[in-house]
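Have a look at the structure below before the remarks.
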Amino acid sequence: MLGPNRYGKAEVRVVRVTRGAEHELRDWNVSIALSGDLSATHLSGANDEVLPTDTQKNTVYAFAKRLGGVEPEVFALALAAHFVDTAEAITRARVTVDEYGWSRLGQHSFARRGGAVRTCCVVGGLRDLVLLNTTDSEFRGFARDEYTTLAEAGDRVLATSVEAQWRMRGPDPDWAASFAAARQAMVDAFVGTYSYSLQQTLYAMGSAVLAAVPAVCEVRLALPNKHHFLVDLSPFGMTNDDEVYFAADRPYGLIEGTVLADDAPEPGLAWS
Amino acid sequence: MLGPNRYGKAEVRVVRVTRGAEHELRDWNVSIALSGDLSATHLSGANDEVLPTDTQKNTVYAFAKRLGGVEPEVFALALAAHFVDTAEAITRARVTVDEYGWSRLGQHSFARRGGAVRTCCVVGGLRDLVLLNTTDSEFRGFARDEYTTLAEAGDRVLATSVEAQWRMRGPDPDWAASFAAARQAMVDAFVGTYSYSLQQTLYAMGSAVLAAVPAVCEVRLALPNKHHFLVDLSPFGMTNDDEVYFAADRPYGLIEGTVLADDAPEPGLAWS
Amino acid sequence: MLGPNRYGKAEVRVVRVTRGAEHELRDWNVSIALSGDLSATHLSGANDEVLPTDTQKNTVYAFAKRLGGVEPEVFALALAAHFVDTAEAITRARVTVDEYGWSRLGQHSFARRGGAVRTCCVVGGLRDLVLLNTTDSEFRGFARDEYTTLAEAGDRVLATSVEAQWRMRGPDPDWAASFAAARQAMVDAFVGTYSYSLQQTLYAMGSAVLAAVPAVCEVRLALPNKHHFLVDLSPFGMTNDDEVYFAADRPYGLIEGTVLADDAPEPGLAWS
Amino acid sequence: MLGPNRYGKAEVRVVRVTRGAEHELRDWNVSIALSGDLSATHLSGANDEVLPTDTQKNTVYAFAKRLGGVEPEVFALALAAHFVDTAEAITRARVTVDEYGWSRLGQHSFARRGGAVRTCCVVGGLRDLVLLNTTDSEFRGFARDEYTTLAEAGDRVLATSVEAQWRMRGPDPDWAASFAAARQAMVDAFVGTYSYSLQQTLYAMGSAVLAAVPAVCEVRLALPNKHHFLVDLSPFGMTNDDEVYFAADRPYGLIEGTVLADDAPEPGLAWS
């Protein structure tokens, strides 16, 4: 019995230049997943209803030309609507856009920003925003069992790589302003929160987005705890006054949570 | 309002040697996610109910010692049960184990196999099993629209990197035998199916697992279409008789689907 | 017969916080390679002359404590001198430091910058500085043979990821100022050069560093040509007026070159 | 002043199928670097002597067609000779081929082997061959200084990822047989050597290649010490009888060395 299924072209790397006195640049990685009644191709290999993933790739390019340098969320929604409207068997389209940031160097010159990548997929978001506080973080009073060896920490480095997604209320939000405000609210909350646990910081960051951007009704956050362990310098006759750390790769703590507005509408298929 | 949340230690790299006349090796990457009533730490930073992720790491090591070289699924279930049974606030534990394969070279010597990684997380699975057919694959009769430029292919290379997960019926399946049989069934189906579409191959692979391993009731597959494009050699006065290909990185087609036994029980939380 | 050899600890991830009214942060990845008369351990496994790589790691931490937040080049030179001075068998030490950049968010809060990574290893350098010009680049008049199909390009996107290393003249240069000036000179040359070939741009960038930083006597550059191919929109009845590009991953052109001051002294072992 | 320079196309991913009763497969990643008198394009952007990297890519495909499924070293040498013979300004060509291994599943079906990648570039080699001994390795009697905290190890896990290159004497060696014999000799030496230091194992592996393959006159090895640290289980009332290890990522020891035949001829430009 065939269960849920979908297909599409992943990672179409398209760069859109808008030429004027100053050139504008959009640098995207676009992925598409289409679903609907596609049982024929699964069961018998009949492809009448299968719009090739190559065609989907072409459509990304054509829409990049037609729509110009719009916000990535606008692009994603227009592309998704196109497939649902025109491909007979397709009843649902999921379009994901990662936008890589570039800083302007001149009228037609740019430097890749690195750092946070803006994401969207019906919901908005970002990932790879790496933040660090050198103090104002502790971790104490935690549960203990027979396997617990961790010492309480009264002052620790707190570092994370923010992955966030936010769901909007209305049909036509200001995506660019929402993105900027949500990003800033998360940064401010991270900087301004005296942290007793990373969960608490997570909740503060999610709440700050809801407060700063009323059009957002739900925030999902995944925060790896990028451990910075104090090095024991005592064998060398030195005191480590919270100065020298080993930045560990693996394992790491991973804290995931959702913060909702009290009046958040049902998500429908937004997250799936 | 706090929504769904969880936390845990990710990517604990543990190697278990069982010493006898011949040494046995298990090489795992273990990730844990715990959920339950953890609102206090989110809302006020009170950590009474928070078992540190450092403790979870320790528990992985202690259980590796205690349980010995068991199948990774047995390890995952025992570890999950431990946290739910002993940590007061925790009502749900999700434990994922990736097992890296090693080939024996001698009584205590091994070579890393590379290739497929065995995975498990309540459900069994594998990823990174890369397969390729040099013929017996075509793609024709597909839907066309104004953006379609793809030519029909009567004979193409079909290559994919299999990511599969399977759900078991009973409480205590033979994990090792199921894994071996499921893997072999997928390989045989890939090799033996004349393919009209990758969806059809996906369905054949999923069906083959259900037929070969009655304890499996559901199979989820994600198959990237690793495109191999024929190079146009005509500018150099050569004919490319389906011999020289460019192996493309991005973009790629991505085909995802589920195959269910007719009498599959409800999944509950198996997939979430 | 034993030939050249060396050993050491690679990728020691150390973070140094200097605490004052404002916290300062240095985030480094340090690698060490020691060489000298180490034939005994190779030929017979006698380790009397082998300073453990674990000790080398410890020394990184101890020197981070002792030296404080110095420039990475100063740290590398001090560490190298330590091993040569104190480890009897060691006659040569190569220390490499990659410095990850952080932007200040507050008195003790930082965001990882991404983008260019500062490197050093006796010589200074950087990598992962990604630059792009949307115009002022052409590629014409190139050599042709029977395998050439490339069309001449009168206006193309030029993008690269700069990897650069520069060798200093004197014993005690101002590393921080040199780094900043070299980086800026390369950016300015990339932006300001009308490019007829990426080689020409490379030479312009290297020359600009020599002109801007007299203490630099040699610049080595490796510039991948990150191809941006114009998408053919004509099948869809559209004209692509240099606006929609496919950002290719592989293959890519790779241009490497050296620019030397006329009076550059011999490099000795600087590059090996 | 322009110093040494070169350019070329990197990472051309070509797959060559030879069709017969059984299909044969060669899967390669080819990189080319050309040098010669290329000062014009650097100094003035005149491209008369610049064979486009696009043409080099085309040539890879055309030679794959023409030469058929030859050994990768034969392919590399033929391609290098072509550029030096036909491109006027080019006096030196460096061609690198990585060959990915596939296991046969059927007449025209294959599974990617993972594990070791065969490499070549005038010299032969391999990388990513991961080996592990669970015993017969110790590390004692090493040098100590004020920063040494490492305990002596009488029985430790020894694991490494072999990167090896070997230089051949004659003009026309049997590349396939040499590769197989060199690989086997290194594996056997790793398995059969009771190790007092990784340097000693390195030397044994290099010597074994020289003994097993008389056509090889020089072996270069880079062996990361993939540390497996014993976990301290005593806080949990358990003894760790050399059974439970933490597989660390970073930092790692890195041991590099060369083993030469007594009568090895001068390398010329083989390594540069």
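In order of appearance the chains are A, B, C and D, and numbering begins at 1 in each one.
Quick note on the criterion: contacts are C-beta pairs under 8 Å (C-beta built on N, C-alpha and C of every residue); 3 or more make two chains touch, one makes a residue touch a chain.
Just so it is clear, the model here is predicted, and its values are computed rather than measured.
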| item | value |
| --- | --- |
| Chains in simultaneous contact with chain A and chain C | B, D |
| Classification of the chain A:chain D interface as same or different, half of numbers criterion | same |
| Relative to chain A, chain with the most remote C-alpha centre | D |
| Length of the line joining the C-alpha centres of chain C and chain D, rounded to whole Å | 23 |
| Cα-centroid distance, chain B relative to chain C, in whole angstrom | 38 |
| Chain B and chain D: spacing of chain centres that average the CA atoms, whole Å | 29 |
| Interface hub residues of chain A, defined as touching at least two other chains | 13, 58, 62, 147, 149, 235-236, 249-250 |
| Graph class of chain-chain contacts, one of line, ring, star, complete, other | complete |
| Complex interface listing, chain C residues touching chain A | 13-19, 23, 25, 27, 58, 61-62, 64-66, 102, 105-106, 108-116, 128-136, 157, 187, 190-192, 228, 231, 233, 235-236, 238, 240-249 |
| Complex contacts: residues of chain A adjacent to chain B | 1-13, 31, 33, 38, 41-55, 57-59, 62, 86-89, 139-145, 147-150, 195-200, 202-203, 218, 220, 224-225, 250-262, 264 |
| Touching residues on chain C, where the partner in the complex is chain B | 146-147, 149, 235-236, 249-250 |
